[in-house]
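Input: structures, listed below.
Two complexes come next, and they have one chain in common, subunit A, joined by subunit B in the first and subunit C in the second.
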Partner chain A sequence: MKTTDLINTSYTLGFHKPEVYQYKSPKGLSEKTVETISGMKGEPDWMREIRLKSLSYFRDKKMPSWGADLSGINFDDIYYYIRPVKDRASRWSEIPEEIKDTYDRIGIPEAEKKFLMGVSAQYESEVVYKSINSMLTKKGVIFSDMDSGLREYPDMIRQYFGHIISPTDNKFASLNTSVWSGGSFVYVPKGVRVELPLQAYFRINAANMGQFERTLIIADEGSFVHYVEGCSAPVYSTDSLHSAVVEIIVKKGARVRYTTIQNWSKNVYNLVTKRARVEEEGIMEWVDGNIGSKVTMKYPSVYLVGRKARGEVLSVAYAGAGQHQDAGGKAVHLASETSSQIISKSISGGGGRTSYRGLVEVAQHARGVKSRVVCDALILDGDSRSDTYPTMNIKGPSPTLEHEATVSKIGDEQMFYLTSRGIAEHDARAMIVNGFIEPIVKELPLEYAVELNRLLSLEMEGSVG
Partner chain B sequence: MNPEYIINPFGKSSTREFTVSSGSVIIVQEPGVNRIDAAIHITGTNCDVQMIILIAGHSSDNIIITTQQHHVSGGSRSSVLVKSIMDDSSHITYTGMIRVEKNANRTDAYQRNDNLLLSESARVVSEPVLEILSNDLRCTHGATTGPINTDQVWYLLSRGIDKKEISGMIARGFLLDGLKNIDSPAIHAVRQRLEIL
Partner chain C sequence: MKNESLIIKNLHASFEGKEILRGLDLTVKPGEVHTVMGPNGSGKSTLSSVIMGSPLYDISHSSRIMLGKKNLNGISPDDRAKLGIFLAFQSPVAVPGVSVLSVLRSAYSAIHGATKKIVQHNPVLSGRMVTPSVSFKDFLGIVKHEAKNIGLDESLFTRAIHDGFSGGERKKVEMLTALVLAPKIAVFDEIDTGLDVDALRAVSDGISAMKKGDTGIIVITHYLRILKYVKPDAVHIMVKGKIVQSGSYILAKKIEEKGYGSFI
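On to the complex of A and B.
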């Protein structure tokens, strides 16, 4: 069996449930669509104005002239808003049977049983089910979907919404700001540590449906939170667009870790803008896994604005047949004594293409900056491709910067060593690949580490020459 | 095969394309030459090519360096080393491309860029680009940028060396280190030039 067959057959989450929805906007983007979205959500005027302004920014902006091939996206052939059920359910039994079935297959109830702190699951555009541990609420932690957040905490959202990623930042940030729906809103008060990860599951279920979540995380001084987002989508015949915006504010001495494993089906364009602003002595960590999608362009960024702030990006990508993973990380040092580390591991096989694209920037007045970038690529066969485009833009005095990149295949010596110890060839290959990504996998929560290792082993199995 | 040495091949022009079998290209920036574009095309097998570029930036120099390691055929090794010492408010922009074509299997390509900052207003932009279309290869690049190590300064001070001489001494050593594996009388003149830098 070839690798490509395995990729297709092993994609167990790639099923298609009949659509259940209450409202579906007409295809294409217009002022009317935007106003309908805003109206149906009962949003305040300022939000509607931001949406409409962003729509005009979206129209003015050109498609990026760099990166992956996006010519397959037809913006007029996408549903921008689908509302699956009327009200959000707060108990499991209230959720409609089809949606429940979908969740059962992803395993959300199990996750609940494992005593996760809060689960907020997004089915199409609206969050239909959420629960939050009463202990969290007592501590003053807010974990809700973005729409409820806007209703219940409008002042806080107005203060931060679009301040980290401006609606004019790039074409897809404009698009998201214009038609956003769902996503999570997290606020952690001063000094509160959320010990278990907060999880949210995202799914797209309507063909041609764009999913535009908007997530805002605010970690107040000295707090800690780990937010986990897992994505998987059923397979469709027409192309889907996923364009999220994630804004994170890490205040003085706080630490935020944001973990994503995206396993979109192989026809999804995944174009995501993720950025964190880190204040004095704060720490931001992005752990980013890209396994699925047709095209991914995603460069989680840390803007280090306070003294001694630290940013880390750990990124792992697998590109199989027909896939292009254009991923990486950015660290912008705007204050003295800030440090950053970007580690990227990418694997391409079956004719896939992985690209590392990154940026390290040091502002003119930032002294004593330290940064380290490591990007390693593994190419499994002759049809695949790997590129590295790191950029360093250093204006500040005397920074210490290190950068290294390696592109290689599985070494003959490594294979010889393992097979001479009696390990079968395909096990040896899987072992080498798992060892290659190990520095990132060990940072994942256990269930994600298991899932990632299993996914990669499956994709690897057929590739023995 | 005896390696050949091509030393300072530019003269007045600053762009050169080399189609080489085996050998070393050593370029020490001439004063006033602020742009160097050098490309190595490897079309044979079992070639061993290295290129070393040494740069010293002063006053308000704006130096632009591009290198290309283009492996058209397989089974060869290439390495590029760009070392710079940047003083005053000089700027350097280095773009280093490694491109390995589809059938250039068993390629081993290496690229390294080390920059030593002698002044707080010196600036470095280092942009390596790797485009790999083959799968049976090893391709590595590394870049470092940093100020003079304070431990080294302390060591030299403790040996009674005049503070004024120290940064020049470290900077010369930094550049000369790039030539440590070159064993040819032809680079004697290059070494001498660096000594008086």
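On to the complex of A and C.
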């Protein structure tokens, strides 16, 4: 367990703390590991059975033959479950000092005071801190960790768990369903609008850790919620695995916005399945920022099942040295008059690689469908790479489809223009990059926009010039 | 602070092996307006880029571009800007997602930052040197004031610079930048092209104001009309990378009537 500064000197969240745990499973995956996780959580039988079945799906399924290189993952060398504390706290003061200090350094307690309606902090496998504004509780909003959710609202969870993303969907969804722990359960009642974001923060501290949080968000008719997640991990010389599943149900006329600022250290494989089912006139918006990780494969999806449902995926990715960001989005139009928009902006520098991978599908009976896909790549130097893999699968009658893709380099003319104004070369480059992602950054709450710009500038200092 | 002269001597510059400037001499003193005219392809825009330090051109060793006693050879565009050189581009490039105001602000703080002492006419501390740098509020005040003078709509401030701007808007933003940055030497590359009469007058007023502020100015143009508003101290005819004749306003008039035929 040695930190290394070789990977990236500009990553400020790469510190690690001594390991704190109540229980740590042995390395590797077995029925016994799965049984132990389920047993320690005191789960109902049906959940234990889903877990065990999913384990067999995981074993049967092949690794994806497309996408990023995953050959570095050794499933036998991973800790699948680490319980850091005995009980979840609702006050920061109740959390062990080492863990609390981590969140202080990331700035979560401060952010909570200023602009959040609820906070969840997951450390290793479990949520160690959870709070929700009491006004929201009064309105019937549920914001809890998934394990507590399962204990307190078993019927609601059983109704939806694994229904949006089946345990057989892909190898990593199988894995997650088998060993999931932590994550959030959110329910927003009819007509309730949660005006400030709910935030979850995921931290991996141990080396060779596997984090498998599971999130389920249900927005009832006419409601609104904005859920924000952030993540980071120490820099280790060995790899960790983060494989989450996020299922979202947007009911009639509801709107959910899900924002991710992914800043894992560059030794984390980030393989996440995210999908939303959107009913009539509902709106789902994924805002996805991928800055960190060694490899990310993530394509947030919208399944538009009700008339006039709308889905948006806005994604921005930065790949520096040793990174491959394989990201994009999927829009599946299963009803008439549905519309979607996928906007992807990727930047590669220092030998990094970005890929856009997207799917637009229109079912045979879906009429009056509109979809727009824009993927723009900015390549900062000759060693870096960007690829685009768009797929369209159109069965429905004459949908309105737009697809634009651009690949650009920072132009000499733009650099000359800005430097002729006295702006130093490095700053000019950062301005151009920030300008490039501005259409997505402006969708973020101000604090996150500032954070994203700051992270990108830090990354570019590490990789450019 | 007294402004310095721009002194260009025996300037040879080439682009991808092709010589474009072939021994050009030009001296611009503080508060002077020099007009450079010449047929297409004579190297006028190259001259402006080379003064600003564009890395695309190779400059011969014997060439001299001096600001006062400082030799600018080998100095990067951003450092030239900090020394007080400014170029208003003929066709400025768009920088998507970067607002006019953020370019102006970054430029202003890079150039004037913490180094420039501002004389503030505070009614209480009248005429004293007050702050070492400018607050954003004061900076915005300067930008708004100058924008108003040249009739530039404030709604452009927050738009991405030159992105989808009309020809006139581009020229005005370049003019605004010049006024806000208050350089020692300003080169205007065809600032008058494509402007209507009102915009032309506004831009000309801007140049006149800078002249009064002791900025040395080069106006590159094809047309006489801007010179009706900005009286030049000298008019130079540039052909094939050299100044072939210098004179007064009358020379420019002659060119407009008879063309460059007698110089080629």
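As a convention for this text, the second predicted complex is superposed on the first by the 452 of 465 C-alpha atoms of A that agree within 3 Å, B and C clash if a C-alpha of one lies under 4 Å from a C-alpha of the other, contacts with A are read in each partner's own complex, and residues count from 1 in each chain.
The criterion applied here is as follows: a residue touches a chain if its C-beta (ideal position, glycine included) is under 8 Å from a C-beta of that chain, and two chains touch if they have at least 3 such contacts.
Predicted model only: the values in this text are computed from it and were never measured.
Visitor: Of the partners subunit B and subunit C, which touch A:Thr338 in the superposed model: first, second, both, neither?
Guide: neither
Visitor: Specify the partner with more touching residues on subunit A, choosing between subunit B and subunit C.
Guide: In the superposed model, B touches more residues of subunit A.
Visitor: Of the partners subunit B and subunit C, which touch A:Met392 in the superposed model: first, second, both, neither?
Guide: In the superposition, A:Met392 contacts subunit B only.
Visitor: Just subunit B (first), just subunit C (second), both, or neither: which does A:Ser243 touch?
Guide: neither
Visitor: When the two structures are overlaid on chain A, which partner does A:Ser420 contact: first (subunit B), second (subunit C), both, or neither?
Guide: second
Visitor: Answer with first, second, both or neither: which of subunit B and subunit C does A:Lys409 touch in the superposed model?
Guide: Only subunit B is touched by A:Lys409; subunit C is not.
Visitor: Would you please give the residues of subunit A that touch subunit B in one complex and also touch subunit C in the other complex?
Guide: Common to the two interfaces on subunit A: nothing.
Visitor: Enumerate the contact residues on subunit C facing subunit A in the complex.
Guide: The touching residues are 49, 52-56, 76-78, 80-82, 86-87, 89, 92-93, 95-98, 102-103, 106-107, 110-111, 160, 177, 181.
Visitor: Okay, in this complex, where on subunit B does subunit A touch?
Guide: Spelled out, the residues of subunit B in touch with subunit A are 102, 105, 117, 120-121, 123-147.
Visitor: Quick one: which bits of subunit A touch subunit B in the complex? Just the residue numbers, please.
Guide: 377, 379-395, 397-409
Visitor: Which part of subunit A faces subunit C closely enough to touch in the complex?
Guide: 411-414, 416-425, 427-428, 431-432, 434-439
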